[in-house]
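Each of the next two complexes has subunit A plus one other chain: subunit B in the first, subunit C in the second.
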Partner chain A sequence: MTEPLLTVRDLKVEFQTGLETVHAVNGASLTVEAGEIVAVLGESGSGKSVTAAAIMRILPIPPARIAGGEIIFQGRNILTLSPSEWKQMLARDVALVLQDALSALNPVYPVGWQIAEVFRVHGERSRKVANAKAVELLKRVGIPDPERRAKEYPHQFSGGMRQRVMIAMAVALRPRLLIADEPTTALDVTVQADIMDMITQISWEEGMSVLLVTHDLGVALRYAQRVCVMYAGRVVEAGPVREVLSRPAHPYTLALLQSAPQARAEGERLNPISGSPPDLAHLPPGCPFHPRCRYAADVCRASRPAETNILPGRRVECHRAMEVLDVVAA
Partner chain B sequence: MLRYIGKRALQSAVGLSVLIIAVFFLARLTGDPAKLLLPINADQALIDEFRAREGLDRPVIEQFGVYVWNVMHGDFGTSLRRHRPALDMVLEAYPVTLQLAFTAMALVLVSASLVGSVAAYRPGSAVDRTVTVSSLISASVPDFWVAISAILLFAVTLQWLPTSGYGSDIRFWLLPLGVLVLRPFGMLVQVVRASMIATLSSAFVRTARIKGMSEGRIIYVHALRNALLPIITVAADQTVGMINGLVIIETIFGFPGIGKLMIDAVMARDFPVVQASILVTAIAIFTLFILVDLAYVALDPRIRHR
Partner chain C sequence: MLLQPEMPILQVRNLTKHYLPQSGFSFSGGKSVIKAVDGVDFDLYPGETLGLVGESGCGKSTVARTILRLEEPTAGEVLYRGQDIFSMNRTELKTLRRNVQVVFQNPYAALNPRMSVEDILSEPWVIHPDVLPREQWADRVRELLVQVGLRPEHAERYPHQFSGGQLQRIGIARALALSPEVLICDEPVSALDLSVQAQVINLLEEIQAETNIAYLFIAHDLSVVRHISNRVAVMYLGRMAEIGPASEVFNEPAHPYSAALLSAEPTLKPDEIGRERIPLKGEIPSPANPPSGCRFRTRCWKAQAVCAEQVPQLEPRPPGSNRLAACHFPMDAPDAEIPHHLQST
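Then we have the complex of A and B:
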């Protein structure tokens, strides 16, 4: 079997805030194969965005600190690369699209210039060629009248158009991996679908892998092949998205599904997850989910569950995974 | 663009007109120049002759009409005290003031940008805290007090520098410049620091970073141009504020600039000189603001397209 494009292994990220250490990522592991779309699913504070930032090496250090683990991308541990080696790979091999495209674009430069800059920074000497490529990209991401629009500034674009510009910028150098951190959260629903369809299409055409960070079960189900569910800085369950979301093995995944509006018939009450998200500075002993878990037993309070391959291609961290699996089956 | 400048010029003209009216009538509220300029035992005939010669015997409205008519023809009147054209006196004093103000502002801009950026690079560090505290002190101390204390220390006690006076010798300039720079420096350091911190942590700087460019390009091409906008606004404001400082500093240090001219003219009720110096200063300030607006338009497309 060939090595995955991206392997995150036992990643630990801490934030030092005053006297406390916040364990934002707590030994997260995940893989992304070439050409596949993997959703990282979790609530706020689950560590999904911090994991994405760690892969891009854009964590603010300090207060953040990589406390352990490795990130293997194309066979190299990127955490040990020098800043200049990494700068070479940014945009060329791995790119990022963020949630808020208005503030992510520089307000004082035309969008075409900002896209062309990617080519210029990575060796294109001719301004004219870079500009022509930028116009070509704008066309590809579905911006009408790209020649004229390239000369306009971010504030002259709508939210969806700006996100298209961000995607054009990200895929400019045909990276092998695109990390999309909540790419459609700030957009309205119809635009969301357009943007996600476009990312999916580019992924197919280019064989580009996508790590899709989202809190939206529907988005994960619709666009990803595999899903990694994160809780308290760990990937607690991973596997093919349809299997995981139709028959979860982790109580947290199950609770997520039951709390989603889609899961309920009209008129029924939602079923929220009880308790509050974990305090990442003071994690409970044992399984971090046990204080909110309906299935918690003594063993869950005493020891952290090991990673188990419960079914082919499915990985879960839960002492009672078998019983949870049977809940939906029943 | 031309329409914009035209609009601003028109606004400035309105502002200047209001200012001319205000200064003309307010100056006349201070009293009769004849009482100050003529010998204390001058008889009524002498006073009447003086008032007739300077046109002060006519109704104020008529005086104003004559004044406006003359100003529009480039005649700002003749100094009651020196019997020279008021405009000449103002234009002679201006280079001294401009030299002082521009040297001070250049020093402030360069030093505040450097110090503020260094503080912004690592917010919360020991360097940052030192800069913050000292710039606050620098912005808060009253300049007349610093000026007098500095004269006491450097001129009287240590005898390193002259107490006052004007000349090409740099020693005449050190104290006035030092005092003049303090407050705008303190203010601008704060602004540069805040602006750079905000810009460096903004999302578009992160975008620039993930494009794989050098730190230098990130700071100078992407961050600086955005950080400049508030800095320019405050710097222009500080330049205007410096004119207040100049009145005090030039008086204390005996610099023959516009500030001293203005104060002396006010004290002597030398109306034509008061009016001319205020008018010329106002024109300079309006020009400065138009230049700042143009800089804004050049730097920020969001203003251009409004």
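Then we have the complex of A and C:
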């Protein structure tokens, strides 16, 4: 078996806030194979964005601190690379798209200039060639009249068009991996669908992997092949997205589905998760989900469940995963 | 549940809100009028939830703000129990404000951080002293907190001591303090996580079952609107595209825009997963310069010459139904049913 493109193993990220240590990522593991779209699904505070930021090495250190684990990308541990080595890989091998495109673009330069800069920084000597490539990219991401639009400034673009510009910049040097952190969360559904279709198409054409960070179950299901469900800084369940969301093995995944209006039949009541999200500075002993779990038993309060391969390609951290699977099947 | 043919509690008639350009320097240079809402009609009945959906800039929040009289309309009227709210005197307006309350999207901004929950929830009675005698305030505050799923002792706390979902419950409790007949919910759960969102939606449903309150529920999340609404109104670029019973609008949309919007929503329902998306051409036009005739025609795959010439009116679709759509070529009409005067075009 070949090495995955990206392997995150037992990643731990802590934030020092005053007297407390917040365990934002607490032993998360995941893999991304070449060419696949993997969704990282979770609610606020699950650690999904911090994991993405750790992979991009953009964590604010301090207060953040990598407390353990490794991130292997193309056979090298990203966490031990020197800043100059990492800079070489950025954009060329791995690129990032964030939710807020307006703050990621420079307001005083035309967007075409900003895209062309990616080529100039990475060795393109000719301004003319760089600009032509930028126009070509704008066309590729579906911006009409790209020659004219390349000369315009970010404020002249709508939210959806700005996000397209960000994606054009990110894929300019044909990276192997695109990390997209809630790329369409601020956008309307029709625009979201256009942009996700475009990311999917580029991924397919270029064999580019995508790590899609999202809170939206529907987006994960429609666009990803595999899903990693995060809770309290750990990947509690992972597997093919259709299997996981149609027959979850972790009670948290099941509970998420039961609280989603998207998944409920007409007239069916929502079934919210009881209790409140975990306090990451004071995690409970045992399974972090046990205080809110309908299936919690004594063993769940006593020991943290080990990672289990419950079915081919499916990984879950739950003492009672088999029972949860059967509940859904019944 | 739907209690038609009761008298509607709110009647919105030809509601129009145009924003005039600000004087002074403008990047766009022109003196164009922004037609945020341009002739919207609908009714709201006691005890029902009317969902109002549409994409950014369609005017749904402007409709809400105008009904609350936070904006003066350019034209049209809003009747509360038959009386036009824009010609009300001070006393009448005070009664209106008591009976039509609002919950906003961002509870952090909606609650004063320097007031305790007790003060926040009692403030409505300070403004409307005839509602509740002062000696009952403390008890009623605690009742309200329990009603929205919080604990009585939370009354002594301050907003920063609560999570987003809890703050939204406090916002709802404050809106309920005057036992209103109508609650305008402007994106009330958009800022909340899925599990918390479900708690707040269930809470709104329970309160409605108990009090027969009417909700105008504005949201961009179609699945939430579908879940909570009895009826749904779809807006596009300041106009009503379609309005009718939620199950009809969602299962068999009549307006091409509704159909495209629904097809873009990522679903989790097994029977809808493979559903084809209807892609739309181009971007939403500027409300400063909307297309002639049907506003949706520039992006519509069914558009014909007539769509640029005639503004489609809201008509029952299919004929005789209580679902209305404003379209010359609705989804349900086979070609033979297209009105004769349009067939030649």
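Simple rule for what comes next: the second predicted complex is superposed on the first by the 330 of 330 C-alpha atoms of A that agree within 3 Å, B and C clash if a C-alpha of one lies under 4 Å from a C-alpha of the other, contacts with A are read in each partner's own complex, and residues count from 1 in each chain.
The definition used in the following text is that contacts are C-beta pairs under 8 Å (C-beta built on N, C-alpha and C of every residue); 3 or more make two chains touch, one makes a residue touch a chain.
Owing to the predicted nature of the structure, the values given are computational and were not obtained by experimental measurement.
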**OP:** In the overlay, answer first, second, both or neither for which of subunit B and subunit C A:272 touches.
**Re:** second
Original post:
Once the shared chain is lined up, is A:169 touching subunit B (first), subunit C (second), both, or neither of them?
Top reply: first
Original post:
Which partner does A:117 reach: the first (subunit B), the second (subunit C), both, or neither?
Top reply: first
**OP:** Considering only the touch criterion stated at the top, classify A:43 as touching first (subunit B), second (subunit C), both, or neither.
**Re:** second
Original post:
Can A:215 be said to touch subunit B (first), subunit C (second), both, or neither?
Top reply: second
**OP:** May I ask you to decide whether A:96 touches subunit B, subunit C, both, or neither, giving the answer as first, second, both or neither?
**Re:** first
**OP:** For A:188, select first, second, both or neither according to whether it touches subunit B, subunit C, the two together, or no partner.
**Re:** second
Original post:
Is the number of subunit A residues in contact higher for subunit B or for subunit C?
Top reply: C
Original post:
Is A:80 touching the first partner subunit B, the second partner subunit C, both, or neither of them?
Top reply: neither
Subject >> Common ground on subunit A, meaning residues reached by subunit C in one complex and by subunit B in the other >> reply: 155
Original post:
Within the complex, which stretch of subunit A touches subunit C?
Top reply: 43-44, 144, 155, 158-161, 188-194, 197, 215-219, 221-223, 245-246, 255-257, 259-266, 269-273, 276-277
Original post:
In their shared complex, at which residues does subunit A touch subunit B?
Top reply: 56, 58, 86-92, 95-96, 98, 100, 103-108, 110, 117-118, 121-122, 153, 155-156, 166, 169
Original post:
Can you list the subunit C residues touching subunit A in their complex?
Top reply: 27, 55-56, 163, 165, 193-199, 201-202, 205, 220-224, 226-228, 247, 260-261, 264-270, 273, 277, 279-280, 282-283
Original post:
Residues of subunit B touching subunit A in their complex?
Top reply: 202-204, 206-214, 217, 222, 225-226, 299-302, 305
